[in-house]
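Next come two complexes, and both contain chain A; in the first it sits with chain B, in the second with chain C.
And now, the complex of A and B:
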C-alpha cells in the first residue's frame, strides 16, 4: 500500500493526515510535506496516524527531519498511532521527542 | 518453503517484494498480525541496509527464502555485497542521547534485531547469509505445515537488542 496524505494549515497548526505506509520508498513524500509545513512557521505540527499501517526506520528519519526543520519550539504531535507503529517509535526512543496522544485536542 | 531471487538497486528497492513475501509466509504460518508486522519490519530493514550500504545504491542481488518449522518462522536473506555482520554493529552511540539530536540514520538494524526472536549471520563462499527467526505465538501454531525443511542454523538471540 502506498502513502496517502492530506495537509491542512489552520491557526498556526499544520495537520498532516497519513494513510498507508511510510517506508524507504514513500518517506521522501512525507519529507516534502514537512518542508512545506515548516515554510508556514507553525507553532505545532500534528500528524494524524490512525490510518498509518507501517513505519520503518525511513519513517523515523522523517520525524528527525521534522524536528530539524521545525526547530526546538515547535511541538510534534502524533495522534491515534496504531500499536505496531507506536512500538517502533518507542523501541528507538522517539516517543521522548514527540507527543503521542489518542485523540486530537478539542 | 518459498524462494525469491531479487535484483534491484537503490533505497527501497526490495521493500515491496519483501512485504509481499512476508505476507505470503505469514499466511502459510498463520502468524498473528503483530508477528507478521515485526517479521516484515526486520526483513525490510535488513534488505534496505544491504541495498543502501552493502551495494551502495548500485544494482545487486538478494535471494530470500522462508519457511515454517514447528513454532519458528524463518527467513534466509543472502547477498553478494562485501562481508557485513549486523550483530557486530552497535547502536549504543545513537541510543545514548536524544534521538533527534543524533545522526539521522542508524536505527534500521537496531529495529531489525529487536523485532526478531533470533538472528544468525555467516559469510560463506563470498555471500552474506542472514538468518532471521521469529517464534510463533502460541495461538498461531495450529496453522501451517510441520514438514518444512530444517535449516542448518539453530535459533539464536540476535546481538543488536
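And now, the complex of A and C:
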C-alpha cells in the first residue's frame, strides 16, 4: 500500500494527514512535505497518523528531520500513533523531539 | 528551479558504469570500509590480502535465500580492497554478506571456502538476533550484516571528559541489570531499560557506568557444553564478539525496527545529560569463531592468516582461553581495532574502554610479549581517542600478568587485581598484609609511581568472581550449574563465609557479613585511585556462590526487591559515595607523600592503637591512616582482628574536632555527609571487632571551616 498525504495550513498550524505506509521508499515524500511546511514558518506541525498502517525506521527519522528543519521553537505533534510505534519512538529517544497525543487538541 | 533547467547539481557518481546480476553498479570507494549509504545506493567495501575473488551477497531482510550475488570485477579492486557502489538498493530492507574465494590450506593459514557467506567485520548492524536466546537467521547465513543510519539527533551532546580522579565506576550487565521482573521498567533487559534506571544511578551517586560487552555476540553459543538438568546455558556475559561495530541486537528493544544504533545512542545521550560517563568493556583478544572446530562467521573466511595467531602448523594459539587469539599487532588487525574504537568514540560518544585480557594486545604474532606493542602505543597516541579513558585488564589466560607493568605510555589505567586481592586478604584476617594494604589504599605507588593513583582502578568485586554478598558468604565457589562439574572459575577467592557456608539465619553470622561488606565498601571508596563497584553489590545481590556466571541468564539478574530488603546497605553505599565526592583528599591526582603542603599535617600519615605509631609487624591486623591536604582531613581506621581495640586519635593542630562519618561496629554505620556528629571523646575511640571507622576533621559549627583554613 502506498502513502497518501494531505496538508493544510491554518492559522500558523500545518496539519499533515498521513494514510498508508511510510517506508524507506515513501519517506522522502514525507520529508518533502516537511520542507514545504517549514517554508510556511508555522508555530506548530501536526501529523495525523490514525490511518497510518506502517511506519518504518526511515519514517521515524522523518520526525527527527522535521525537528531539525522546523527548529526548536516549533511544536511537532503526533496524533493517534499506534502503541508499538509510540513505544519505539520513546525508546530511541525521538520522543524528545515530538509531542504525542491521542487526539487533536480542541 | 524550473522544470526545463537541467539539475547540474546531480552527482555524477550516482551513475552506473556496469550492470551485474541485474543491478546497476560502479566502482566503489575503498574507504570507509563496510557498507555506507551514498547518493542513489550503497557503497560496499571489504578487504582481504589473500582472497582471490570476492562476491557481494544480498538478501531481503529475513529471507532465507539471497536475491542477488554480485562478484566484484577486477577493476573494482584496489590492492586487497574490493569496493562497489550498488545503485537503486533500498538500504533499509537489505542484509548483505560476502563470499571470499581463495586457497584452503590450513597448514599455510588459509581457510577460504566460497560456499560460506561471511559477515562484514565492519557491519554497523547485525540482524537476525533481535530476541535474546532465539535461534539466529537461517542455516545459510546466521549473523547478517545490515546498515544503520547516522543522523541521530545528539542535540549538542559530547563526551563529559570527567577527570579520572573523580570517577566512581559502576560495572553492569545490560540485560542482567533490568531483566528481572522486579526492575519495573517498560523494556526489561535493554538499553532503553537502562535509561529508565538512570535516576537510580544518579541517586546512588556513581558517575560512570562500565557496560559488560555490548558488541554483537551470540548468546546461544555455548561451545557445546552440556547443561545440568533444568538449566539452559548461554553465552550470557558476551565475551565473544561476532561483530565489533554493531551494538548487540538482543539488548535493544527496538531492534525489530533495526534501530539498535539509535537506542544505544539515546542511552549515551541520556547518561551524559545526567552527568554519567559510559565505558565499554571491549574484547579484542579473540572472536566468536573459536578454533578450527568453531563456526566460520567472518574473519576466518575473509583472511584467516591475517586475523589470527597461528602455530607453525596452522592451528590456533589460545592465549585467551576461548579457542583463538586475534593477532592484534598484525598491522591490518591493528588498523581494524583502531577503526573500531574510533567509531565508537566518534559515532556513539562513548567515554572510555576497558580492554578484556589486555595483555594479549602486547603479544607478537607468535605470542611473545613485546616491549613496545604497536597497538597499545597507537591507541595511546590516537587523536580521536585522545580524551578517551583506556583501562587495561592487565593479564591474559596465557600466563602474562602485567598489573603495574602494562605498557602504558602514561596514558593507560589498569584494573588493579592486587588491590582486590590485598583488601580481601586483609579483611578476612590474613596476617602479614597490613603493609601491603597501606600501599594499596594509597593508590599503589609501588605499581603506579610514575602515573599517579588514577592509573589504579580499585575494585573488590567485578563481574568475574563472587559478588560482594557472596564474598562474605562462601569459602568455596559453587559452580555446578555451569556444566563443567564445578571446575570452572577462580579457586583462590580469598573469601570468607563468616562462619557458615551459604544462606543462614544465624544473627551473629549475618551481622558479621553485613559489617564485612561495609568494611570493604569503605576501603574501596576511601582509597586513592578510581573505585569500581559491581552493580547490585549496593543491595546485596547474590549468585548463590557461583563465581563464574558467564553462562547463566536468570541467576545473574539483579533482583530489585533487594533494594528494599537491604535498603540500609543501599543507603550506606550512597552515603559513602557522597562522602568520597565531598572530600578531595580522597581523590588525589598525585600520590600522597609524608610531606606537608600546608605545613600543618602531612598528606598521609599512619597510625595504630597509638596515634603516629603504626604496627607494621606481620601479626598486625589494625592500621589507621590520615589523609590531609589544604584543610580537608579524613582519618580511617581498620581492624581485621576479631577483638575490638581502643585507639588513640591523632590530635588536631587547630580548633577543628573529629566528627564521626562511619563506624561499621555501630548501629548507624554511616551518616549523611556534612551531618557527621562530633565525637564526645576527641583523644580516643573504640574500634570494634572486624570493623572500619572513618572520621572527618572540621569545626563543630561545620560552616566555612575549609575556606578559613585555606587562607
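FYI, the second predicted complex is superposed on the first by the 106 of 106 C-alpha atoms of A that agree within 3 Å, B and C clash if a C-alpha of one lies under 4 Å from a C-alpha of the other, contacts with A are read in each partner's own complex, and residues count from 1 in each chain.
Definition applied: a contact is a pair of C-beta atoms (placed from the backbone, for glycine too) under 8 Å apart; a residue touches a chain by one contact, two chains touch by 3 or more.
Note that the coordinates shown come from a computational prediction; the quantities given were computed from them, not determined experimentally.
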Chain A as common anchor, with chain B and chain C clashing or fitting | clash
Can A:68 be said to touch chain B (first), chain C (second), both, or neither?
-> both
Mind working out whether A:25 is in touch with chain B, chain C, both or neither, as first, second, both or neither?
-> both
For A:54, decide between first (touching chain B), second (touching chain C), both and neither.
-> first
Contacts of A:33 with chain B and chain C, given as first, second, both or neither = neither
Regarding the shared-chain residue A:46, is it in contact with chain B (first), chain C (second), both, or neither?
-> neither
Have a look at where A:97 lands relative to chain B and chain C in the superposition and call it first, second, both or neither.
-> both
Partner chain(s) touched by A:79 [first = chain B, second = chain C, both, neither] = neither
Pick one for A:14: touches chain B only (first), chain C only (second), both, or neither.
-> neither
After superposition on chain A, the stretch of chain C among 9-17, 153-161, 333-341 or 387-395 that runs into chain B is 153-161
Which parts of chain A are touched by chain B and by chain C alike?
-> 23-25, 56-58, 60-61, 64-65, 67-68, 88, 91-94, 96-97
The answer for chain A against chain C in the complex is residues 23-25, 56-58, 60-61, 64-65, 67-68, 87-88, 90-94, 96-97
Chain B - residues contacting chain A, complex = 11-12, 15-16, 19, 33-34, 37-38, 40-41, 44-45, 48, 95, 98-100, 104-105, 107-108, 110-111, 114-115
In the complex, go through chain A and note every residue touching chain B.
-> 23-25, 54, 56-58, 60-61, 63-65, 67-68, 83-84, 88, 91-94, 96-97
Mind pulling up the chain C residues that touch chain A in the complex?
-> 90-93, 149, 151-153, 155, 186-187, 190, 192, 195, 253-254, 257-259, 262-263, 265-266, 269-270
